[in-house]
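Each of the next two complexes has subunit A plus one other chain: subunit B in the first, subunit C in the second.
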Partner chain A sequence: MILAIARKEFLDAWRDGRFRIAAVVVVVLLGVALLLAWQQVQRTRAEHAAAATLERENWLNQGEKNSHSAAHYGVYVFKPVPPLAIFDRGLEPFVGTTVYLEAHRQNQAAFLPAQDATAMRRFGELTAATGLQLLTPLLVVLLTFGALAGERERGTLRQVLSLGVRPRDLVLGKALGLGLVLAALLLPVALFSAVALAQLPGGDAGGSWVRLAWLGGAYALYLAAILAVCLAVSAVASTARAALATLLVCWAANAVLAPRLGGDLAQRVLPTPKLAEFEAAMHKAVQEGLDGHSPRQQQLQEFAQETLKKHGKTRLEELPFNFNGLVMLESERLAGKVFDHHFGRLWDRLESQDRLVTWAGLAAPLLGLRSASMALAGTDFTQHRHFSVAAEQHRRDFVRVLNEDLMNSTAGGHHGGVADRSLWEKLPAFRYDPPTTAHALRAATPGLMVLFLWAAGAWTALLLVAPRLKPN
Partner chain B sequence: MLETIKLTKRFNGHVAVNELNLAIQPGEVFALLGPNGAGKTTTINLLLGFLAPDAGEARVNGASVVDDPIAARRHIAYIPEQVMLYPRFTGVENLDYFSTLGGRRHTRGELLGLLQRAGLPAEAADRHVGTYSKGMRQKVGIALALATEAKALLLDEPTSGLDPAASHEFSLLLRKLAGQGVAILMATHDLFRAREDATRIGILLDGKLAGDYATNDIKHLDLEKLYLKHLRA
Partner chain C sequence: MIFPHLFRLELRLLARERAAWVLFALFAAALAYGTWNGARLAQRQREIATVLRQDSEQFQTQLREVLGKQSVDPKAIAGRGTTAVLPPAPLPLLATGQSDLSPGHETVVLWKLAAPADTRSELENPSHLMAGRFDLAFVLVWLFPLFLLALLYDLMAGDREAGTLRLALAQGITPWRWMARRALARALPMLALAALATLAAGLLDGAGGAGTRLALALAVILAYGLFWVALALAVNAVARSATNAATALGAAWVLLVLVAPTLLNVTVETLYPTPSRPELVAAGRKASGEAEKRGGELLNSFYRDHPELAPPDQQADFAAQHLTVQSEVGRAVEPVREKFDAQLARQQTAVARWRFLSPAIATHEALTDLAGTGYWRHRVFREQVGGLRQAVSEFFTPRIHKREPITLGDFDQLPRFEFREEPTGVWMSRVVSSLAGMLVLAGALSAWTWRSVRPARLGLLSA
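The block that comes next holds the complex of A and B.
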């Protein structure tokens, strides 16, 4: 019985010319979005590779100079674009892709792709993810609003129920049939995503296929929840028009209102400092210590006294190494503590904001889906933080090597001697291993839980509503 | 086969069906006459289990429509004033779908045969029903009653809006079904059709059965007089 109803729903939807047109438009849009994103990822990767090669050449060919000057010369490192950015670019356009590593400073990633975008960008970027998140629910609304309310209006519901069909079977059959229509529609998009990933050099890196499978599961949960909500509304609405109006309001609340309100709520409940305030506070902490009562000069003077005492000397010039290099090392160590504290707090706060917005998804499932989707695609904040930490670690290692060279350089007096290419070659190019699939799954768990709760709740509601289905 | 015992239904204090007692046996065609608002459609809705009675009970082939509405409906075919079908499906596809829902699977050949028995032209069976006239849709309804081998048929103004030829054709089909042992309850305003098709005629006024007559005992003119007399009473 359920299968017969599902089959009829499937055929009925396919035979509806309006639906076919809407479906073709959505599938073509999603396909084009995937193709464009695939090209963009390829282009960005090529640009990063070329820039990294040039950067390395510049570093190696910087000529002879004092090693501390080389630390100030600095290097640029580039954030790799995750393969699944072809599907969901997440925060990538809004967080930097390049970090400048130099002595004394922990810089944030710069060169935001969104900065290079035209004013049209403010209307949103069409990716396969945004298409599935925003357009597909609209398609589900168009597909389902009349499924029960329309049948009631036309009188076919009366005809069907008079045959002894259990309302629950009718609703489940419709859900199955309409679900199959959606699946048939989205199958080309899934296949296109898989082909795009397979054709992307290094597309299988970082457990991309496993992540893609999880992404499929997350979107299936989302659409299953939307489908159940739509059918439940159609079951209780007095007319198809009333069902459509209700569902369009729900769609707008989920797709347009919730993301804005979620962001505002997070900033209100868990505010983050403005960039200028953040940098000023960090600069102050570097100068005065984290407790505000340990001026840097005083700390370094005490360090000098301790060093002299430790080596049994009375003057810095008597030390068997360049004390200036040791001070640089100590200074970096103290500054590192400040950076870890301030950036740690900021990043923790940003992650807390993300968690809050994700759980706000209990009111609007899109928020949960966005969080899970970005996490699984490797384009969420936790994975940007992972890169920033790796870049900072590389900075500290590279500055340490240069300062150690300065410390061991007794020629040239206080400023040390001159280093050359042999030292520059000792410093390896930045190599970054993106987070594992396990990391992505951990980050995606709250969003997946929100989606699971939505799907479970929506289907329970639908099954509760079904027995009360009225023929008139 | 179709039975109501002191069946009562109220809407906001208004009694729509008032302690109605009916018993329609297999092969009987019971025409329920009455003005608008007399309670005819409410009675049918109660027998279909679409409405819950406030008192009394209704049974179809022994199954209570309140306790087991699904089982009761399994014995029923229902033909409303307008048989509603799915316009993007052909006649045979509609019949296939509805008869499957009614618990009977048929081959395409059988379905075409059923539509033919119901009087639908052969060329129409594979046409989308969006192009069907009302009479053709009613015939699909009859074919459905044949397909599900219903023991009881509930008809709500089935010939309203049909031209005389189509109406006559429909009557012949009804009599054929009754001849096969189907119990038929037909709510109608059409005194002529009631007199022609029914074996018994009931006059329903304010939800109460005001009269119950064997058709053989009354002539056309008598029926009209009888009906008007009840209305004026």
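The block that comes next holds the complex of A and C.
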């Protein structure tokens, strides 16, 4: 019986001209979004690769100069684009693409693509992910709002139930049939995503296929939850019109209001500091120590005394190496501790804001899905942080090598002599290993849990509502 | 008005609908929250700007005092930098626009003129930037039409479905007049709420001379509302049932508000690809590397970056050489940077040309323009900061080369930043053309509806 009902619903939906037009529009939009994103990822990668090559040449060909001068010349590194950005660009437009690594300071990633975009970017971006998140739920609403309420209004529900069909079977049959319609629509999108990923050079790097499979699962949970909610509303609504109104309000609350309200809530509960305050605090801590009571000059003087004692000398000039180099190593180490503390706290704060918004997804499932989707695609904040940390590590390594050169290969008491290409070559080019799939899954877990709870809750509600289906 | 009683009747009917009151309350709450949210953000930005301005005023006072007693080395003043601050927007509560994304201040330091532009903005969570703000512009552009459509989706389609249309028209009124009167009566409270909120936002926080902007903002919002009213009328002229009308209007909202802007964004970025920042950065670095190599040995020394540690008699030489290299880098990078900027301007010009594709785009652009938080005002700011860079270079460079100290006589000529607002005519022409475009669209839709619902067309006369 369930299968017969499912078959009827499936055919009905296909024959509905209104739905067919909407479905074609949505699927075409998703396809276009994938195609354009695929091109965009390749273009960005080519640009970053060209810039990285040029930058490496700049570094190697900087000529003969003082090694500390080279540390100030510094290096720029560029953030690689993860393959699944073709599906969900996530935060990529709103985080920096470029980090300037230089002596003495840790810089934040700069140049947000959105800063170089038109104001239209603020309306949101057309990606396969946003299409699936915002537009497919509308298709589900269109498919389901009349499924039960409409039959009740027309009086056919009474007839069907009078034939002895169990209300639960009727509801499940409809759910199955409409679910299959959705699956039939979205399967091509999934296939197209897979083909696009396969055609992307290096597309299979970093466990992309596993991530894509999980993405499929996350979106399936989301749509399954929405399908069940819509059918439940249609089951209790007195008229199709009332069901449509209720569902559209829910859609707007979930898709339009929730992301903005979630952001407001997070900023209210867990505010971020102002940029000027953040930088002033960090500058102060560099000068006066993290505890505020150990001025840098004093720490470095103590360090000089200790060094002299360790080597049994009385004057810095007598040391077997250039003390200026060692002091720079030490002050970089001290500053590094400050940077780790302050940036660590800032980034922890941003991550806890994001977690709060994800759990707010218990009220609006889009928030859970958005978070899981970005995490799985590798475009969420945790993965941006991973890059920032790797870039900072590279900065410290590179400054350390230069300072060690200053310490060991120049005469004491000087600020160093001139180094050349042989030293520049000692510094490897920046190589970044993106986070593993395990990292992505960990980051996606809260979102996936929210989605799971929604799907479980919505289907339970539907099963509870179904037996009490009223014929009129 | 020929049928004022109909208008009054519809208002009275509306007042009896409980759902309508719920919608009014929700819309009013959204407007209030949006205004409040915008006010908080505006407050935060004003605080930041005030601190920066006070800092720089304090420095000016101190400098004046010092200069009164003795002359000062130009390097010392140049090293502190000149801060450019974009003054608070004239109507900040109306729209956040780009103000949370584009930096509203920049410090220009002589020694770093050739470095890539500083684009740091406030410490915002990127997910919030992505989601957008719940400000007044959001409520007006996104939610306002939804609330209007919820009241207007059934102007005639329902009566046609129920067969009561003939009865309603039996009072001797044409379908067009009947529908239009009903629509205006039902839209009136929403239009009034939207206008009130806009007025309140302007009165709560509007800079001097914001009156024109406020008046135009009201006009834009009313025109936007009228467009949606006209669309509801047009759909009702053809829809066979209230559900059909609701679905069609919902789809129109999704297409015009959600899909059209993102499609326009994608199209513009495909037609005029955003130039590559990383390539610009790397090109600048290449130029500076080459210039440095020519800059002589002296420059490749430690003191280039720490002139304060150089022997006093040599400091000036290092500074002078640094400036020479820098100006060479500036010249080499300039064409690349100009191409970059031109491409960005081309993108936004394309958006401006195609904004009539959706009244939501036109309204959003107009509101951010009127608020003073839009793309163009921030662009003008960046251009004027460019001017400041030049002024800083022109003032200090010759004095440093000539080892000429700064005296009290120079104080008034020190480079300072004073933001000059975009000429009124320029932004006004953008806003007025948006306004005119929307009115034309609403007019065309209404004319079409008027033709489609003539009694003969509706088949009301034949039977």
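Definition applied: the second predicted complex is superposed on the first by the 469 of 472 C-alpha atoms of A that agree within 3 Å, B and C clash if a C-alpha of one lies under 4 Å from a C-alpha of the other, contacts with A are read in each partner's own complex, and residues count from 1 in each chain.
We take it that a residue touches a chain if its C-beta (ideal position, glycine included) is under 8 Å from a C-beta of that chain, and two chains touch if they have at least 3 such contacts.
Computed from a predicted model, the values in this text were never measured in an experiment.
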* To do: Check whether A:D204 is in contact with subunit B, with subunit C, with both or with neither, and answer first, second, both or neither.
  => neither
* Asked: Does the superposition put A:E330 against subunit B (first), subunit C (second), both, or neither?
  -> neither
* Mind working out whether A:E288 is in touch with subunit B, subunit C, both or neither, as first, second, both or neither? => neither
* Please indicate which partner A:S69 is in contact with in the superposed arrangement: first for subunit B, second for subunit C, both, or neither. => second
* Identify which of subunit B and subunit C touches the larger number of residues of subunit A. => C
* Which partner does A:D397 reach: the first (subunit B), the second (subunit C), both, or neither? -> neither
* Asked: What residues of subunit C sit close enough to touch subunit A in their complex?
  -> 37, 44, 47-48, 51-52, 97-98, 101-102, 116, 118-134, 138, 142-143, 146, 150, 242-244, 246-247, 250-251, 254, 258-259, 261-266, 268-270, 273-279, 281-283, 285-286, 289, 292-293, 300-306, 309, 344, 347-348, 350-351, 360-361, 364-365, 368, 374-375
* Structure fact -> Residue positions on subunit A within touch of subunit B in the complex are 1, 4-5, 8, 11-12, 15-16, 154-156, 158-166, 470-472
* subunit A-touching residues of subunit B, taken from the complex the two chains share -> 48, 50, 70-74, 76-78, 80, 82-86, 88-89, 97-98, 100-103, 148, 154
* Okay, in this complex, where on subunit A does subunit C touch? -> 18, 22, 29, 32-33, 36, 39-40, 43-44, 47-48, 50-52, 54-55, 57-58, 61-66, 68-69, 72-73, 76, 78, 90-91, 93-95, 97-98, 100, 103, 108, 110-126, 130, 134-135, 138, 142, 146, 240-241, 244-245, 248, 252, 256-257, 259-264, 266-267, 272-276, 278, 346, 350, 353-354, 357, 381, 384, 415-416, 418
